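Residue numbering begins at 1 within each chain, and the chains themselves are lettered A, B, C, D and E in the order written.
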Amino acid sequence: MIQITELNKYFGAHHVLKEINLTIDSGEVVVIIGPSGSGKSTLLRCMNYLEPIQSGQIMIENQPIGMIEQQGKIKEMPQKQLNLIREKVGMVFQNFNLFPHLTVEENITLSPLTLGKVNKQEANKVANELLLKVGLTDRAKAYPEQLSGGQKQRVAIARALAMRPHVMLFDEPTSALDPELVGEVLQVMKDLAKEGMTMVVVTHEMGFAREVADRVVVMDQGKIIEIDSPDIIFQHPSQKRTKEFLNKVLK
Amino acid sequence: MIQITELNKYFGAHHVLKEINLTIDSGEVVVIIGPSGSGKSTLLRCMNYLEPIQSGQIMIENQPIGMIEQQGKIKEMPQKQLNLIREKVGMVFQNFNLFPHLTVEENITLSPLTLGKVNKQEANKVANELLLKVGLTDRAKAYPEQLSGGQKQRVAIARALAMRPHVMLFDEPTSALDPELVGEVLQVMKDLAKEGMTMVVVTHEMGFAREVADRVVVMDQGKIIEIDSPDIIFQHPSQKRTKEFLNKVLK
Amino acid sequence: MELDFSILLQDGNLPLLLKGLWVTIRMTFFALCISCMIGLLVGIGGMSKNKLISGICATYLAWFRGTPLLVQLVLLYYGLAISLQIDLTASVAGVLGLGMYSGAYVSEIVRGSIQSIDQGQMEAGRSLGMSHWQTMGKVILPQAVRRMLPPLANEFIALTKNSSLLSVITVPELMRAGNSIVADNFKYFEIYLTIALFYFVVNFVISTLIRILERKLHVGGVRT
Amino acid sequence: MELDFSILLQDGNLPLLLKGLWVTIRMTFFALCISCMIGLLVGIGGMSKNKLISGICATYLAWFRGTPLLVQLVLLYYGLAISLQIDLTASVAGVLGLGMYSGAYVSEIVRGSIQSIDQGQMEAGRSLGMSHWQTMGKVILPQAVRRMLPPLANEFIALTKNSSLLSVITVPELMRAGNSIVADNFKYFEIYLTIALFYFVVNFVISTLIRILERKLHVGGVRT
Amino acid sequence: GCGGAEETTLGKIKKNKSIVVGTDATFPPFEYKNDKKEYDGFDVELIQAIANEMGVKVQFVDTEFKGLIPGLQAKKFDLIVSAMYKTAEREKAIRFSDTYYPGGLAIMVKKDDSKIKGIEDLDRKEVAVQIGTKSVSFLKEKYPKVKPKEVEKNTDMFLELESGRVEAVVTGKPAAKVYAKEKGTVKVLDQLLTHEEYGYGIRKNDPELAKEVNTALKKLKENGKYDQIVKKWFGE
């Protein structure tokens, strides 16, 4: 599904991702954890090329994203090709990034309609199905500012799902939420996982990781220091740094 | 120290605080919990009159804040008098609200210097003592944007302490922080409590409440529904709604 | 000083002023449309990564914002006719000249407001598979327009008044109508105050319309 | 059309233009200071809860922004002298008139930028025991100034060029100097292009200075 | 106004030994700034001679034509010297001195234009005139078939002609001649359309000043100085 090989990413002189190798299978749920600044968000953002990369390769369903080889030279791919690949990759942001000038329904249908995938009627039908799925059928006509944080994030998930992505990326989807509202969003994510959606999730919710993750990736200072099943990571981590980090967070 | 009697607060027609009665003794640590929208922040903000109130009375050290009676009529008190009382009440916000154009040191010394309490030299001395206390001596010359969230919040605490307040109000001081950074701020608050500072804290950190609070106040829909010691609130709450709320949060 | 406004009712003065006002309103309106189009193009173009495009836009901005409208109008109307035999009518040259001038100011307003929209909005649009321009058109601009309105009010009001320079290229607008009445009867203050009142009313209408639009466009607000 | 710029070097034309330029720069500079002061007062006053103060400010804004500068100048210089025997010198009337006019526009910029500062900043200041005005001066304004700069550039550049209207009240500024040379030798295009260049340079300096200031004032940036 | 104790304008002029003169110095050959950037022209030289007779110096204030009459009324200067025609309308607002020169309107066309020989040939043609000048009302009243195109400044009329937007200009003959000589691309027809009189503008309540100026002017005409100046500027 996703293959990352020898990925390096710099911000200016700052080496943020160092020789990252990671393969994610179809249907797998991978949780990424690690201290602040370790590069989790950046790695996720590279996966749909919101961040350009300096070396290495990222393949989505065996297609390279962002960079392609042409006549022996590596160049950025044309926007159109990039957009096509991006449709397969849904992304959910920490701050929701809903479109404040559109209703919930319009938020969900905007991209499918703009890209001419469906007509207005079908788009609305799909939107209603998705709102049912995330439990928000009654808020279709509301504007984002009229929603609670948990509701906003569920709309953001529905919006990403409307493009029928093959994989979903989540960047700390619950960390901007009031504690009582965290549960409703995690529940939607669990349902998605159960349906077999491929998911990559950056989160501090260790409970979710334990329960849902197939594998947990631990990052530190731009490197992946450990990949294993949640049981092993949480009970018998092989790295000292993993232990230290978990101690702080679980305390 | 603080006496609130029959406080009512409206936003327009929306009745947000309903007949609140609460007395907080000197040296006491009171934690306020309750679901989102129950009025916790509003109650806290009333305590230093950041929000005007519609009826009832709030006394800080036996002085009314905000409203005074003059010739039988209730009116807003003069700004000067209000500012004098406010100096006794330190406030720490969820979003830090540091002054981005000033260094850490300048953030701390601005108010004492502006109000002419001390000269520049003394102000800096006090700032350094406070920075030592919150463990940030080396960041005195940094600007807020160069700090992590946890560091920002510790500066905000130091800034409030610089006015030598008699009581400190905290509104979800850790909820905008990365989980690993929560600990350092809670530690500073625990130290303060140990020194005997009167504190009112709105928080979702139940661990902190258990460990530090003398009393826990539970709010729901604008009312105080239960006040008791943390042991009783967390183990044997008398109200069904308290139980429901704790279930959700502690899950 | 005694003011004698009865002068307005004599010699067809008021009708002449009203005719001038109507010219001013018409010229301003068309110039305003051009100004918005140019402002949008140059404002967005100025942020382009393409060096050529952003260079052209920066040059446009520097020239049309930096030099006097009077000179621009004279070059456009007389300069083109004398040097290249391009003979624009006064109205066309006037609307074009005003529009291009004001467009430079509007472009800065456009750029500022687009840059003030949270970066996350563009990222969200792109990550949904929409192109840069689709996201710009459907997501960024609708939000930016709301923020442009207050400075646009300033600019449109200035535009109304700048239209008085069109008299230099023989357009019979309000100020020129006033000047020609004053030249006749020397009742400056009566006439100028009347002109001021006319401009005031036009500008009041503009600022009111924009304030209504501001409220209508309140992002995310309930619009019904 | 052939241009012959050697005309500049004849008959002291260039020195006359430079003298006009110097008058323009001086008038603009002082007007700019007044404009900023008025803009600050009226902008802040317009947000006052005191109905009287905010009413005065709103009236000021509506009149000085809504009516033509030409009319304002004529009333100030000629009108005051005729009706109230208040005899301002042309320079004083010019600087004052320009400053009051531009101040109205600046006041809207001030209001907008102050209102764009996060509400939490005022609350933080108040909760530290500082008064509303202390917080405004020490916390809000320093941050707002940074945001005012881009629209202020627009306004100051417009101000420079509006100063050409001062010729109506006998101030010998750049545009007037140009017109008097043109009347002598009829070399319109050479002279107007030169004038345009002069304004361009002045405005380039203004926008560059403001951009430098923008960078210097980068809120919270390392300033050394 | 204030009481009668106020000193008269003439008194002030004598006391300061200088008379302040408002002029729009963009109108050669009457008043303009010469190559040395000094005030120069027929009007300038004549008023200096008059002032000389009065025993005072001239101090010029340069402003736009439309600012002249309000400036006079606002006491920004004592006298208007700016090739201003005496008209009945203007005399409602200000007082005029005796006329000091006869002028008149003439037609200016492109040099190679042989079709227009007089005012009769201008019917249904566009003709540039300066806003607020005598030419406007003259054409409107006497030749309504001519299409006047009003422009802002003296020089704009010439620009209109040169850019081919109008076929003729109607303006004061002396000014037209100066331009024709300078440019060489246009010519002035000999026909004089009107007969006008130039006069100095004076405030209504300054009859003493008007008298003094008139006396001085008469003296110059008598002693030949006036003819000398006329000859220098108009060669007649």
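Criterion: contacts are C-beta pairs under 8 Å (C-beta built on N, C-alpha and C of every residue); 3 or more make two chains touch, one makes a residue touch a chain.
Note that the structure is predicted; figures quoted are calculated from it, not measured.
*Asks:* So which chains are sitting against chain D and chain E at once?
*Replies:* C
*Asks:* By the touch criterion stated at the start, how many steps lie between chain A and chain E on the shortest route?
*Replies:* 2
*Asks:* In terms of C-beta pairs in contact, which two chains are most connected?
*Replies:* Going pair by pair, the biggest contact count turns up for C-D.
*Asks:* Going by the average position of its CA atoms, which chain sits the greatest distance from chain B?
*Replies:* Greatest centre separation from chain B goes to chain E.
*Asks:* Report same or different for the chain C and chain D interface, where same means the shared residue numbers exceed half of all residue numbers found there.
*Replies:* same
*Asks:* Average the CA atoms of each chain to get its centre, and name the chain whose centre is farthest from that of chain D.
*Replies:* A
*Asks:* Whole-Å distance, chain C centre to chain E centre, using C-alpha means?
*Replies:* Centre separation, chain C to chain E: 37 Å.
*Asks:* Can you check how far apart chain C and chain D are, centre to centre, with Cα atoms defining each centre and the answer in Å?
*Replies:* Taking the average C-alpha coordinate of chain C and of chain D, the gap between them is 19 Å.
*Asks:* So what's the Cα centroid distance for chain B and chain E, whole Å?
*Replies:* Roughly 80 Å separates the two chain centres.
*Asks:* Counting only residues that touch at least 2 other chains, which ones in chain D make the list?
*Replies:* 74, 78-79, 82, 188
*Asks:* When you check chain B against every other chain, which residues touch at least two of them?
*Replies:* none
*Asks:* On chain E, where are the residues touching two or more other chains?
*Replies:* Touching at least two other chains: 66, 70, 153, 159.
*Asks:* Strictly by the criterion at the top, what is the full list of touching chain pairs?
*Replies:* A-B, A-C, B-D, C-D, C-E, D-E
*Asks:* So in the complex, the part of chain B that touches chain D is made up of which residues?
*Replies:* Listed in rising order, the residues of chain B that touch chain D are 48, 50, 79-80, 83-84, 86-87, 89-91, 93, 95, 97-101, 110-111, 114-115, 143-146, 159-160, 163.
*Asks:* Spell out the part of chain E that touches chain C in their complex, as residue ranges.
*Replies:* Those in contact with chain C are residues 66, 69-70, 89-90, 92-94, 131-133, 136-137, 149-153, 156, 159-160, 162-165.
*Asks:* Which residues of chain C touch chain E in the complex?
*Replies:* 74, 77-78, 81-82, 87, 167-168, 170, 172, 176, 179-180, 182-186, 188
*Asks:* Looking at the complex, which residues from chain D come into contact with chain B?
*Replies:* 118, 120-121, 123-132, 134, 138-139, 142-143, 146, 219-222
*Asks:* Quick one: which bits of chain B touch chain A in the complex? Just the residue numbers, please.
*Replies:* My answer: residues 35-36, 148, 175, 178-181, 183, 204, 245, 248-249, 251.
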